[in-house]
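We call the chains A, B, C and D, going by the order they appear; numbering starts again at 1 in every chain.
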Amino acid sequence: MKNFSSAIQVIPLEHYIILCTTLFCIGLVGVLYRRNTIIILMCIELMFNSVNLLLTAFSAYHSDPAGQVFVFFIMIVAAAEVAVGLSILVMMKRNVDSVDINLLNRLKW
Amino acid sequence: MSALIFTIVLGIILLYLGFVKNKAILAPVAIAGLMITLFLLFKDWGLGSKYFHDMIVFDNFSIAFNISMVIITILIFFFGIDYYEALEFHVAEHYALMIFALTGAFLMTSFSNLIMLFLGIEILSIPLYVLAGGKKYSYRSNEASFKYFMLGSFATTIFLFGVALVYGASATFYLPEIKIFISQFNGHLPPMMLVGLLFILIGVAFKVAVAPFHFWSPDVYEGAPTLVTAFMSTVVKTAGFAAFFRLLNMGLLPLPVPLEKALWVMTGLTLLIGNLAALKQTNFKRLLAYSSIAHSGFIMLAMLSQHNTSASVILYYTFVYSLATVPIFIIFILMKRAADGSEELSIFRGLYKQKPWIAVFLTILLMSMAGIPPTSGFMAKYQVFVLSISQGYLGISIVAILMAVIGIYYYFFVMREVFTEREQSYPIQVSKINAALIVVCGVAVVMLGIFVWNLPI
Amino acid sequence: MILLIILLIPFLTGSFLFLFRNNSSIRFVALAASVVNLLLTLLLAFSASASNFAINWINFMGVQFALGYDGISLIMLILTNLLFPFILLAGFNRDQKNVSQLNFLILSTQSALIGVFLAQNAFLFYVFWELALIPVYFILLIWGGDGRRSITLKFFIYTLTGSLFLLFGIIYLYHLTPGNHSTDFAIFRQLHIPESNQIWLFWILFIAFAIKMPVFPFHTWQPSTYTMAPTQGVMILAGVMTKMGIYGALRFLFPIVPLGVLYWQNTIIILSLIGVVYASTIAFRQSNLKKLVAYSSMAHISLMVAAMFVQNQFALQGLLFQVISHGVTIVALFYLVLIIKEKTGTQEFQQMGGLKLKAPQMSIIFLIVVLGSIALPLTAGFVGELLMITGLFRQSAWFAFIGGTTMILGAIYMLYAYQRVMLGEEKSTHEKITDLKSLDYLILVPLIAIILVLGIYPQPIFNLVEESVRSMQNLLSPIATVVSAIVH
Amino acid sequence: MIPHMNLALLVPALPLLGFLITGLGYKRFRNNQAGIIASSAVGLSFLISLSSLFVLRNSGQDSATLTLFNWISVGKMNIPFAFLIDHLSLTMMLIITGVGTLIHIYSIGYMHADNRVNSFFAQMNLFTFSMLLLVMGANYLILFIGWEGVGLCSYLLIGFWFENPAFNYAARKAFVMNRIGDLGFILGIILLFFTFNSVSFSEVFAQASSFQVGAPVITLITMLLLVGAVGKSAQIPLFTWLPDAMAGPTPVSALIHAATMVTAGIYMIARSSVLYILAPTTLTLITIIGLATALLGAIIGLKQNDIKKVLAYSTVSQLGYMFIALGVGAFSTAVFHVTTHAFFKALLFLGAGSIIHAMGGEQDIRKMGGLRTKMPVTYWTFLAATLAISGIPPFSGFFSKDLILSKAFEHNFILYILALGGALLTSFYMFRLLYLVFFGEQRLAGSHPHESPKVMTIPLIILAILSVFGGFLNVPTLFGGDSNFGVFLQKAMTSFSGEELSHTTEISLILISSLLIGLVILFAYRTFVTKVLVPKADGEPMSFFGKFITNKFYIDEFYATIFEKPFRFLSGFLYQKIETTILNPAIEGIGVATLKLGELVRKIQRGNMSFYFFAMVAGILLFIIFILTI
């Protein structure tokens, strides 16, 4: 464990932060620009994972396991969420026969 | 803690009861279980017990909020007896999911660690995504659940990113430690910490529908089954604000100036958007959604006017707001049924002529929502204003007062419909339970206005 | 304790009205309650010993349920309890829907108004202030005339906007109180607020009262509301609720923000005087009798406001006297408007005329009320206006002159109305009209008697209020001298 | 306290009682019952007034104050409801009740055919009560009560025949114009109160001596009071209501608009003589107003064709003379003229009423003529009154008017000349009236004039006797008298003690004026009897001046243009432009704007997921920028 942490610490923390922020932003931009629900879901997953990575990196740098524990929680919750999300998606496909996010817009104003 | 565990078990029991195919026993069991939960919560009062390495602290604050939420849930379940009778689908899941959401809410009121907050939010949210889509073949319900889910998980990522940044800066998830960390900087926080905290706040603000992160709430409230809407606008909102307050109180006070200003901006926006958008609504559920946003604004006002009574005021506000909201939804359902599913404001026409007593109680409830004495809604708003004015936030208080006027306008707009006669009348059926519920809530709303309490939490 | 009883009798009686099925018994019970209340009030007014009542209500907010009174409250109390029996009587033998609810609402209004006038605590005052509005809102909404839906909402929102500012002011004052905060008037009075704050605080507090009274230019809700309102509603509005504004201003502004009052004094007086001339002039232009009376009420109230801000003994005593006189007169006027409407089926002047031929007694009574309204000597209106104009004169002769034009303008429009309704040739539609019925006499004759008796022997009222007026002046006079010392 | 003086309280009480009886029971009385009750109430009042006079004389005191109760007592303001009985008020009381009784009796005959006779008498009694209150009040406010009360009764009685809109308009006009004066009056009283801390006559006059002649505050007070007097006594510029007031029944014109009410202004100024003496500016103004009114009234009277209008302008003119007397400081002379004028003008009106009665309601003198033989009593009494008003010695008008002229002469020669000119005009238009009505041929075909019943002629005869001999109340020293009346009044008021005219001057003045008046009467005789010149009918063309005078100098039209029309315009403007176009929309505009804004805000919620994401991200970015820059 010790070695693993020090291996991570070889790369400066800034690089992790920049990488994760970039990943996060890619996910964000994906959410903004794509209209296919599945892709958006994947982008959100990407954002989750960037957070996971960031937490791990911080955890290693702080030599504090709490961050990594959090990562596990995130992964579990994300999985649960995706499960629910996909079933909602199925329901949507059944109702409108499409996965375009903007198709569902009857509720407005 | 025992209450938390018992509630989870209760949820599972209810799930299994679904196999029995007897809808009639579900609500009684759920209500009885919640009564026990209530009892267990009362037992913990004053103990301040801590669990899981202090990640959960069941102090008086959390117990008070939990009790308030359980009471409201019980009310909603009573409401559900009549509501689900008319529906064909799997009712057990609904009860169970609401109970699960309630456990999430418990966590949100009692965390002292960001992990627990995250878990609480998610445990609360995921059942709600499902519940919002509860009417499987309803297009609107589907849309509501879809929007809620997409925006909700997006907000979660924001929240998590914020948590990560805060963790990176402060190396801890514990709120008290974060507080100590912040206090080292004398108000000049490193940008990473600042942004991280902002993201966390935005994540929570999303849950309580604070502008500009409120977009989901009108659509979801409108599309979701009415019972779920009632649940969301009461219990979920209470939980969200409890979490919000706890976050600020335990971790962030005194608030760093930029964040405080950002929150003031959000408060102002919430007050403005919530009230203004409600003005011209013709769909009643949507109107209540906007009004709920507006109420968020008032609660934010109380929260930001940091004072040692703020917690009590928020508790009082959310509780009396919920107490009025639930029976309003019940009456709405009754009218909607009578009007063949329409949700327009005009369905209330002729209510006074047909059921004068229901009309009177609806009036009292709406008056409470609008903040007119002697109802508790007035007392709640009064306390909020006392807080904000005595803390010297005069400008925003004036804005809030003007917005309260607008609020009165749209509530009284509804009330006017109630007292307007209708050309062709239709039968309005009120079951005994519902009638009793309406009366109890109506009386309670007035009584709470007369006997105002201030809990030392 | 008697105060609590007076406060509760109407409301409790009102709550029990739902037990009755028979319309006339409902009305009778309601009337009996209000008469009992009137008797109790008179007992209170002429008993030597003072009475008050206080229990703790919301401790942590410094709110006591404290009732008490001084001369000013007493005048208002007498007015309220004097007028409500007549207001209730005005509903007798008329075709109304939901009689029990209507009477309940009227009695609730009465209770709330009594509460406003007795409250010794700003919070309590505010609660009753709003409570008074709600039953009236419903009276207007359910029993009102054409266009009630939008007009009542406008009226309600308008007045509530003002009220919420008042609430803001109360909270602001509350937070200034030392130690354990309190909303007692007594503690508010001891506050020493810097002048710069008083200047804006004055408006925060005043706007609610200005709308209620109403003061020009905050009056726009009034004519349409009065015109649309059912008679009993408009009697409450014009007879008593306008006085709430006056009472509130006397309670809040002068003792609590005296420097603000001094700063804005002339502005308000000028606004009010503009209101006098404005409303009188407009009244002449009206083609609708009820609207004309509505504007006339505004003109009279405006003069009262001007007198209030002059703050000398003549003006204040005249004002408080006029409170009663105006209340009685306007209630009688609106009742007459109702009868005329019932008899002719219209309120438009064009379709009226020559009513005196068919109903000479009504015309005489109408004339007496009109004369009371235009302040003919030996009616109550004259005594009040004389003192108010005297008070205004003390401030400035020009104020007195402009205020006095109400004598001329009032004569112009009221006699115009009288002529259009009662005199002239008979309209063909009037053939089946009959003169007053005994119920009408029961209402109008006592009201006229009050107008005349107070005009001939006003002294009891003056004695009642003299002490309060003096203490109110004492509150202001040291400050005024200080201010004038600074100015010179 | 003078024993038996409380009796005087009955003087106003009886008409009040009469009013209550006839007023409340107006449905029950039949035929003449109401008239008899009313007349006897006033008659009894007269007797009591007389006895009060003797009580006061015997007591050896000048005045008595009777206090009933404290009316208003606020702070320093202390106003008792009190009556002052002195020579001045007794004079007025006697005139009011005396002439009033006669007119009441006359009305029984005059009004017998009217179906609202009972309310007529009620109102007449109410008027008498108010008028008595006016003259008996011991302070300015009690005076003011009566002052407004008579205004009200005047309003009621002018509009007695209420089915006629023009009459109602006239009534309202009278009331409103009076109210304009009353505003000045009440402001004067208030200023008086602040100056003297009292409004009671005795205290005010006692303190007045401490002020210097010409003190500004006194001048202001007297000016304000004058405004009231001008309104009530129909002087320029507030005189136009009086001719219109002729819309009322003729006895009303006689009682209210000739004998009593219109002289209230003169009474009030005479009562305040102590103050007016201190304000020479005001006195000059009074003189000017009086002179102008006297001439204007007389000139307009020349061309009027309505019998009552002629008399009305004559009243205006005579009131002007009284004002001249007041203006030159001859207060007692003014009151004397009030007295004689009450006699002969009441007689003229009652005579006119008798004629109108006989002519079946016709009032146009162009349609009358030749009534001398048909109505001998009326003719002779009318003639006596005409001679009196023209100032032919030794009729009553001669004594009073001549006194005024000589006082004017003392004061200013031009004033005298103009006043004399007015007197000549007076005799001309009066004789024009007399000749046109009673001489010549009967011009209205188909009517059968007849003498009035006794109940109407007896009052005429009594008044004629008074008109003829009334002047002997105050025979000047010149004719060996001792100016009884003037001396009698001296105790109640002051006057200028100017230098007396020498007897030769006085005699020459009298000769000149009598001669001129005689010539004028002859001229009138030539014009209207010998040449039988009947005034032109309404449509016929006239000379410019003729038109001007016939149309009363267009003063009504002038007032309509500068007051009434602008007021109507202002009223409409305020209502339609300010109230409904600016204020209402402005206030409602706030609401409407808010609703619009609400609609706008509502539209933000577009229902589109992409937009929601976008809005959230934008919000996040903005907040990041916000917190990092702040």
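The rule is short, and it goes like this: a residue touches a chain if its C-beta (ideal position, glycine included) is under 8 Å from a C-beta of that chain, and two chains touch if they have at least 3 such contacts.
Bear in mind the structure is a predicted one, so any value in this text is a computation, not a measurement.
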Interface with more contacting C-beta pairs, comparing A-B to B-C: A-B
Cα-centroid distance, subunit A relative to subunit C, in whole angstrom: 67
Centroid distance [mean C-alpha coordinates] between subunit B and subunit A, Å: 27
Centroid spacing, where centroids are CA-atom means, of subunit B and subunit C in whole angstrom: 43
Between subunit D and subunit B, distance of the C-alpha-averaged centres to the nearest whole Å: 78
Shared-contact residues (touching 2 or more other chains) in subunit D: 602, 605, 607, 609, 613
In subunit B, residues with contacts to at least two other chains: 147, 150, 154, 218-219
Of all residues in subunit A, the ones touching two or more other chains: 31, 101, 104-109
All touching chain pairs, where touch follows the definition stated at the start: A-B, A-D, B-C, B-D, C-D
Touching residues (chain side subunit A, partner subunit D) in the complex: 28, 31-32, 35, 101-102, 104-109
Touch list for subunit D against partner subunit C, complex: 69-75, 77, 119, 141, 144-145, 147-149, 152, 155, 159, 162-163, 165, 168-169, 172, 175-176, 179-180, 182-183, 186-187, 190-191, 193-194, 567-568, 570-572, 574-576, 578-579, 583-584, 587-588, 591
Complex contact set, residues of subunit B against subunit C: 309, 352, 356, 367, 372-374, 378, 382-383, 385-386, 389-390, 394, 397-398, 401-402, 404-405, 408-409, 412-413, 416, 419-420, 452, 454
Subunit A partner contacts - residues on subunit B that touch it in the complex: 114-115, 118-119, 122, 126, 129-130, 133, 136-137, 139-140, 142-147, 149-150, 153-154, 156-157, 160-161, 163-165, 167-168, 171-173, 192, 218-220, 222-223, 286
Residue ranges of subunit D touching subunit B (in the complex, touch as defined): 594-595, 597-602, 604-605, 607, 609, 611-613, 615-616, 618-620, 623-624, 626-628, 630
